[in-house]
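Input: structures, listed below.
The following pair of complexes shares a single chain, chain A, combined with chain B in the former and chain C in the latter.
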Partner chain A sequence: MVAIADCVGFYAAWHQSTEPWLQGVPVVSLSNNDGCMIALSPEAKALGASRTEPWHFVMDKYVPLGMVAYSSNYREYQAMNKRLMKILARFVPRLETYSIDECWMDMSGVQNLSTLVPFIINETKKLTGIQIRIGVAPTKTLAKVAIHLAKQDPTNSFIINNQSEIDTALQRVAVEDMWNVGRQYANMLHRNGIHTAARLAITPEWWVRKKMTVVGWRTQQELRGNVCLKLVEVMDPKKNIGVGRSFKKTTSDAQQLIDASTFYGYRLAEKLREEKLVATVLQVSLRTNKWKVDTAQHQPRRIFHLDTGINNMIDVTRYARHAIKSIIDENLRNKVSYKYMKIEVFASGLLPENENQIVINDSYAAGSKNRLSRVIDDINLQMGKGKVCFANNLKAWKHDNLEAYIMRQQYPSPKYFTDWNESPLLR
Partner chain B sequence: MRRTLVDPKEFIQSGFTSPAEEYAVPDLRLDHLMIRDPEATYPARMQGKAMEKAGIAEGSYLLFDRGIDPKNGDIVYVWYDNEKLIRFYEKHGQKITLYAATPGYPSIQVESELKFIGVVTWANKCLCPRMFPLVKQW
Partner chain C sequence: MLFNTFNIELQYRGTLCELDIREAYTSDGTRNFEIIQGGICILLMMFKNGLWSVYIVDDLHPVAKQDTEMFVTDELIELLTQAIKTYLDCLTGNKLS
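Right after this comes the complex of A and B.
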């Protein structure tokens, strides 16, 4: 047996768990730059709101109804996610983190599922204040079916135990609500008269294989209770890491672009070192606002392939700065000017730090640069971010300047559990 | 003289190994002392003087544990009457009373909905703030 657990509107639920007055209030969490609603509390869903609605179009409709919106607070969400996963891992022998608010749990050998599952849900709610849902079934695909049915269940859980329960559960699920069935396949199935998961399970295998490739066949096997997808405990190391944001206002100012490039180069190096990885390919890109069709569009890009992987701030910052300078120079030479909206510094070809290639006869002084970076990390960890930085970053760190190219967050929430100075105040 | 920035662990050890090495145990760590359950413990901060007489000065850093069931006499973090309160907890039958430690703060008879959040387990006050720049002054 395998279980999947997910959080009910995770980001919104985080806000509700930290601010008790928000419980029972419709809450939404907004995407970067406060664009769309990306997570909704059940109360917000009850008002008819849906994900991906642009917030500034619908705010006049929902705010009078009592809806409260927050800019996304990813650091806190991530911290809460870590807690949740550790709590869930207490109850089961093996666990696979699947996304920021979902995980698979190994339930094989558990005798008393019907008491354990509600216990897990209650305990998690007690320790974190966040409501989770659990679906249990013999295979991953069936567990996804179960958790879909748990949405309509007041216990927030659904268990599929035996063949007859599989049959009745599959009757209740439409093909488009199934895991690993995309919209195109769902349309194709509907055209062929296959509307429910139950009907898909009894479709001839050769037909499924022909029309939906091996992925569809696997889904069908799993619907019949044959395990094809196993639990993956160790995730692949990250394939690439990027940092970058939209500017508050589009800009063509050379100094501001260079400042931003050093700032994000620095951030990228920090992230790389946190993950203990080095980058062998760096890519720096700028983008104009592609939605503004009446302005000139430009997506310049500079890519560096490096012999030796790097993750020290000095080099990453230098490459980022060099790239932006060369873009600006090219624009000057061509006598053009663009209003850029977004900068991105992107690392790929990532290797673990300790597998980094050393080039023979190399004059590259990585040792001292790495040591310097590590010392800066240590100081900043103890004294707060940005206490020590490079002079060309200085302007960016100063708050009023930071404003210019940090994302718009009109509805901030405190970093309750990741910053000592923003802890909740009790009276 | 040139100073180098080297992690002591990077030095190569020569000579005899320390005879005390066999007895090595992990160093003392504050979180072992102060945190019962790391996933259930959260930070908070004291505002106001309501609990001063119980040893919680204004500006103290607090830890609360969501996993502990409150007993009479515990100091709890509750949500009541639109406020985040920290008070002594007393429950007799169905009747819950919240007491402040400092005289002059009225005790609260709970009449409407009370949201219990956690039991406050530790209060810490920095006694030498000039050396701890992370501690925000009150």
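Right after this comes the complex of A and C.
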């Protein structure tokens, strides 16, 4: 048996759990740049709000009704996720973190599921203030079906134990609500008269393989109770990391592009060090606004394949700056000018720091640069982001100019668990 | 023995439906068609002496049977007979007559 635990409106629930006055208040969490509502508390859902609605369209409607919105606070959500996983890991022998608010739990051999599951839900709520739902079934896909049904259950849990319970549960789930069935597949299944998970489970295997490839076949096997997807306790390491952002206004200004490349190169190097990784491939790209069809389009990129992996800010920003300069020079040579909308600095070919290849006779000496980067990380951690930065980014880190580089957060919340300076004070 | 296989798309009850049609070979002048939806044969249609006979397949899984009973109506049968006739008469040399 396998269980999936899912937090109810996780981001919004985090805000409610850290601010007691928000209990019972409709709360929403907004996406990057405060664009759309991405997580809603049950009270917000009761007002009729739904996910992905653009906040600036609906704020006038919901704010007078008492709705409180917060910009996303990903570091805090991640910290809460770690706490949640630690708590849940106490109850089960094996656990796989699946996403920021979901995890799979191995329930094999557990006899008293009907008492354990409510106990886990109550304990988690007591220790974190976050409401979770749990679905238990013989396979991962069936567990996803169970958790879908748990949404309609007042106990926030649903257990599928045997074949007759599988059959009943599958009839209650539409194909578009199933795990691993996207919109295209759901439309195709509807066209072919397959509207429920129960009908998909009895569809001949040859047909499923032909129409939905091996991924669909696995889903079908799992619906029949045959385990195809096992618990993965050790996640694959990251394959690539990227940073970048659209400019507030399109620009062809060389200095602004170079400053942005330094800024994002610096951020990328920070991220690499946080993950204890080095990059052996760096890619820097610029993009014009593809929706402005009446303007000249240009998507130049520069790719650097490196013999030795790097993660120090001096080298990463050097490559980023070099790439932008070469693009600008090329444009000057060709006597063209483009208005760029977005810059991206992207690292791939990632390796763990301690497996970094050393090249014999190479004059490369990253040791001092790495040490300097670490010291700067420590200073910035204690004194605040951007306290030590490159001179040409001094302006970027000034508060009134920050919005041009860092995502807009008009409704911030304190970083109670990830920043000493913002932790709550007891008087 | 399989004689011919083709598929049709119908606009039925406001939605698009895809159906596979298999014609089985018979020697007594009857034209037999199996209507397959989502990989499962749900209907048998026979054409003899200018008349159609239609049956829902007997040994369907209960889930498929329930869906099929809700799906098959006189309107669907009318659409299917027209579609099969149009396909065979216009697009093949194997006319339905």
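Definition applied: the second predicted complex is superposed on the first by the 343 of 427 C-alpha atoms of A that agree within 3 Å, B and C clash if a C-alpha of one lies under 4 Å from a C-alpha of the other, contacts with A are read in each partner's own complex, and residues count from 1 in each chain.
Operating definition for what follows: contacts are C-beta pairs under 8 Å (C-beta built on N, C-alpha and C of every residue); 3 or more make two chains touch, one makes a residue touch a chain.
Worth saying up front: this structure is predicted, and the values here are computed from it rather than measured.
Participant: According to the stated criteria, A:A296 is in contact with first (chain B), second (chain C), both, or neither; which is it?
Facilitator: neither
Participant: Look at A:V208 in the shared chain and tell me whether it touches chain B only, chain C only, both, or neither; answer first, second, both or neither.
Facilitator: A:V208 sits against chain C, while chain B stays out of touch.
Participant: Once the structures are superposed on A, label A:P20 by its partner contacts, choosing first (chain B), second (chain C), both or neither.
Facilitator: In the superposed model, A:P20 contacts chain B only, not chain C.
Participant: Should A:L332 be classified as contacting the first partner (chain B), the second (chain C), both, or neither?
Facilitator: The answer is neither, since A:L332 touches no partner chain.
Participant: Looking at the overlay, what does A:L65 touch: chain B (first), chain C (second), both, or neither?
Facilitator: Touch partners of A:L65: none, neither chain B nor chain C.
Participant: Thinking of the overlay built on chain A, is A:L381 touched by chain B (first), by chain C (second), by both, or by neither?
Facilitator: Once the two structures are laid over each other on A, A:L381 reaches no partner at all.
Participant: Of the two partners chain B and chain C, which one touches more residues belonging to chain A?
Facilitator: B
Participant: A:H190 contacts which: chain B (first), chain C (second), both, neither?
Facilitator: Touch partner of A:H190: chain C, not chain B.
Participant: Counting only touches as set out at the top, which of chain B and chain C does A:K126 meet: first, second, both, neither?
Facilitator: First partner only.
Participant: For the complex, give me every residue of chain B touching chain A.
Facilitator: 5-7, 37-40, 42-48, 50, 61-62, 66-67, 77, 79, 82-86, 115, 117, 120, 133-136
Participant: Residues of chain C touching chain A in their complex?
Facilitator: Answer in residue numbers: 9, 15-18, 37-40, 42, 61, 63-64, 67, 71.
Participant: If you look only at chain A, which of its residues touch chain B in the complex?
Facilitator: Against chain B, the touching part of chain A is residues 20-21, 23, 83, 86-87, 126-129, 371-372, 374-375, 382-384, 416-417, 420-421, 423-427.
Participant: Would you mind writing out the residues of chain A in touch with chain C in their complex?
Facilitator: It comes out as residues 171, 189-196, 198-199, 201-204, 206-208.
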